[in-house]
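In this document, chain identifiers A, B, C, D, E and F correspond to the written order of the chains, with residue numbering beginning at 1 in each.
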Amino acid sequence: MIYITRKEHFSASHKLHMEDWSDERNEEVFGKCSNPNGHGHNYQVYVTIKGEPDKGTGFLVNLKTISSIINEYVIEHVDHKNLNEDVDFLRDVMPTTENVVKGIWEQLQPEMNKLNCSLHCVKLQETENNYAEYYG
Amino acid sequence: MIYITRKEHFSASHKLHMEDWSDERNEEVFGKCSNPNGHGHNYQVYVTIKGEPDKGTGFLVNLKTISSIINEYVIEHVDHKNLNEDVDFLRDVMPTTENVVKGIWEQLQPEMNKLNCSLHCVKLQETENNYAEYYG
Amino acid sequence: MIYITRKEHFSASHKLHMEDWSDERNEEVFGKCSNPNGHGHNYQVYVTIKGEPDKGTGFLVNLKTISSIINEYVIEHVDHKNLNEDVDFLRDVMPTTENVVKGIWEQLQPEMNKLNCSLHCVKLQETENNYAEYYG
Amino acid sequence: MIYITRKEHFSASHKLHMEDWSDERNEEVFGKCSNPNGHGHNYQVYVTIKGEPDKGTGFLVNLKTISSIINEYVIEHVDHKNLNEDVDFLRDVMPTTENVVKGIWEQLQPEMNKLNCSLHCVKLQETENNYAEYYG
Amino acid sequence: MIYITRKEHFSASHKLHMEDWSDERNEEVFGKCSNPNGHGHNYQVYVTIKGEPDKGTGFLVNLKTISSIINEYVIEHVDHKNLNEDVDFLRDVMPTTENVVKGIWEQLQPEMNKLNCSLHCVKLQETENNYAEYYG
Amino acid sequence: MIYITRKEHFSASHKLHMEDWSDERNEEVFGKCSNPNGHGHNYQVYVTIKGEPDKGTGFLVNLKTISSIINEYVIEHVDHKNLNEDVDFLRDVMPTTENVVKGIWEQLQPEMNKLNCSLHCVKLQETENNYAEYYG
């Protein structure tokens, strides 16, 4: 079994804010992240798949294929977007790193299952100092 | 003459969009950056000052002082903010990297002049792949 | 189950030296690390916790809380310190990366247990080229 | 149980090309990687071993020893080499990241078994955007 | 005057070898870089231009334009290529970092002159530990 | 004229402390850096030289030569050392980044003058967030 990882990135805005909470409670729980006009990040996405490489080509799966899938099912939906407003697969969830990484997993897993491999992990880095990982 | 540089960072959202232009022209000039709900970045700010170190302490200026000034005059105004809406010193300018780096310079220069040094350069990195520099 | 990681850093000095060994044996086993006046590093600490995110806030645990705990129980004890002389939780152990990462785990685990999550891994990076990980 | 990791690097050329395939099929499967005159990369190798640190020295294994083994059994064979032509342990395999990481594992495992530890993982980073991992 | 920089990258192979020198002299001058079957690198190219930003758009030049020019005149010629064999603008020069950075400048300068800006610097990073810069 | 830069690194301890000052004044001016038992850093040194590349070899100066000089005249004196106690060329100066970068310049310049090039800049990075540069 070999694990291969492809990194892609996107830039997006978001805010962490509960509509039915007071400003004070939002500020208390979400701090600066609750700024009404939002803020944003350069996100890095690491997608890891696992399986057996082909005896001939030496490829588990061609990384061009992996990259195309990540771009079609994830990056085009989130890059230069507002994660609270613009993204179908994040409708009705707070766009924390935890929820976004899970949303990305759910976008990718059905597509990876069609290939000769399985999705192992999605890692989403929000800033230099924090990231979330999801293994399904 | 010695040059010392302090790096700080902030996360912010923005959009590049001319109100009096058609959507088509905005899309043509600003591309994905004109998304109506905005997007965002992790910005890195590099502030370089120059001067002669003190014979005794060996400090040009204490970097704690430099860091405090950058935080008071820049970071607190832009971190977890929307650069189009929330920032006094960017009022009425398009928040491109070019304009933001110039705005940061203008915030910092009067403060640096009060110290025993002069501001040499402000560099603003918007993504891993692009940055702007301003020398006054 | 989601895993989230927070990175913090500190700068410290140490030396690897057995008091009851000859200089030759210290030099043989510890090499340059046994320099009598010590040397130092910029250390990076990665703290990974795991659990289920809250349905409402989308947070596993607020990273501000995690960051505060790491700072109170680890960083304040080791930052700008001498790991052989100044650190209670490293008393009587050789401050190798292996022992320091274990000491940090023991500082953090009781505090993480009080939250709605569990400590999964502590990773300590000593230089660009080496790091240690501990999973309890 | 503690895990320690040592990073080393090498620069090498390779091409991904099946001799008995048409140029079209090579181009289709391997794309730009099939360029007849080859291309190259700066590779980073991360070698992770696991075990119990020594009570006295605090070392799992001296990283100087690990570094020497990686250099003798891997780096000297691949650094500034052509992975298709020059490397004994890659004879008769396509030099994809998947196959090279497995070849490195097979070079290192017998040597690590002679020490008081076991090889846990080899990670090979080919570019900033992709890497492979092998756990045996 | 504002300076903006765009980073692009490419992967290529090369060898440093004088045809009319003995193997011994090649080895003496070029060391491991003279390996007959070549080796390779992940190169990073930083292109810096300077000028006055547009009052309205806030752009010195749209970075999409800069990126397209770098890709058309440089990256497509060198990415996944052999710098000794495959590159028109490096014909008859030894592909050292010094010569390649100069070749890239000469490819880019006429194109930048057609825009409202001028080329200031090309920086070419060959490995993590060395790079060359050319200012014309 | 071409500029080439070589990066090397070292790990060292130091403290910023004036013997004839009170503890209070030391704490006030140098903060955590005045800890009596010292602290330490992983330092990165960037040495930039300038000149005309040789028409034949394409080298300004062989980077192996530059690297050897940096190692002989700088790294061997400071790596795994205490900058207050162990370093001849820092005797009687406070080991701030400003003073160390100047000390490194003075070690290197006479040696570079013996080659077909001149020393342009020494940059010393003390942490991820600060560095000093000296141009003579």
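Operating definition for what follows: a contact is a pair of C-beta atoms (placed from the backbone, for glycine too) under 8 Å apart; a residue touches a chain by one contact, two chains touch by 3 or more.
None of the values given here were measured: they were computed from a predicted structure.
J.: Give me the chains shared as neighbours by chain E and chain F.
T.: B
J.: Which other chains touch chain C while also touching chain F?
T.: none
J.: Most remote chain relative to chain C, going by C-alpha centroids?
T.: The chain lying farthest from chain C is E.
J.: Fit chain B to chain F on CA atoms, both being copies of the same sequence, and give the resulting rotation angle in degrees, nearest 5.
T.: Nearest-5 rotation angle for the superposition: 120 degrees.
J.: So how far apart, in whole Å, are chain A and chain E when each is placed at the average of its C-alpha atoms?
T.: Centre-to-centre distance between chain A and chain E: 33 Å.
J.: Provide the C-alpha centroid distance between chain C and chain E, rounded to the nearest whole angstrom.
T.: Taking the average C-alpha coordinate of chain C and of chain E, the gap between them is 41 Å.
J.: I'd like to verify one number: the distance from the centre of chain A to the centre of chain C, where each centre is the average of its C-alpha atoms, in whole angstrom.
T.: Averaging C-alpha atoms per chain gives centres 28 Å apart.
J.: Show the residues in chain A shared as contacts by 2 or more other chains, in ascending order.
T.: 128
J.: What chain-chain pairs meet the touch criterion?
T.: Chains touch in the following pairs: A-B, A-C, A-D, B-E, B-F, C-D, C-F, D-E, E-F.
J.: How about chain C: which of its residues touch chain F in the complex?
T.: Per the stated touch rule, the residues are 9, 11-14, 32-33, 35, 37-42, 79-82, 84-86, 127-128.
J.: What does chain A use to touch chain C in their complex?
T.: Against chain C, the touching part of chain A is residues 16, 18, 29-31, 93-99, 101-102, 128-135.
J.: Going by the contact rule at the top, pick out the chain F residues touching chain E in the complex.
T.: By the definition above, chain F touches chain E via 1-8, 48, 53, 56-60, 62-64.
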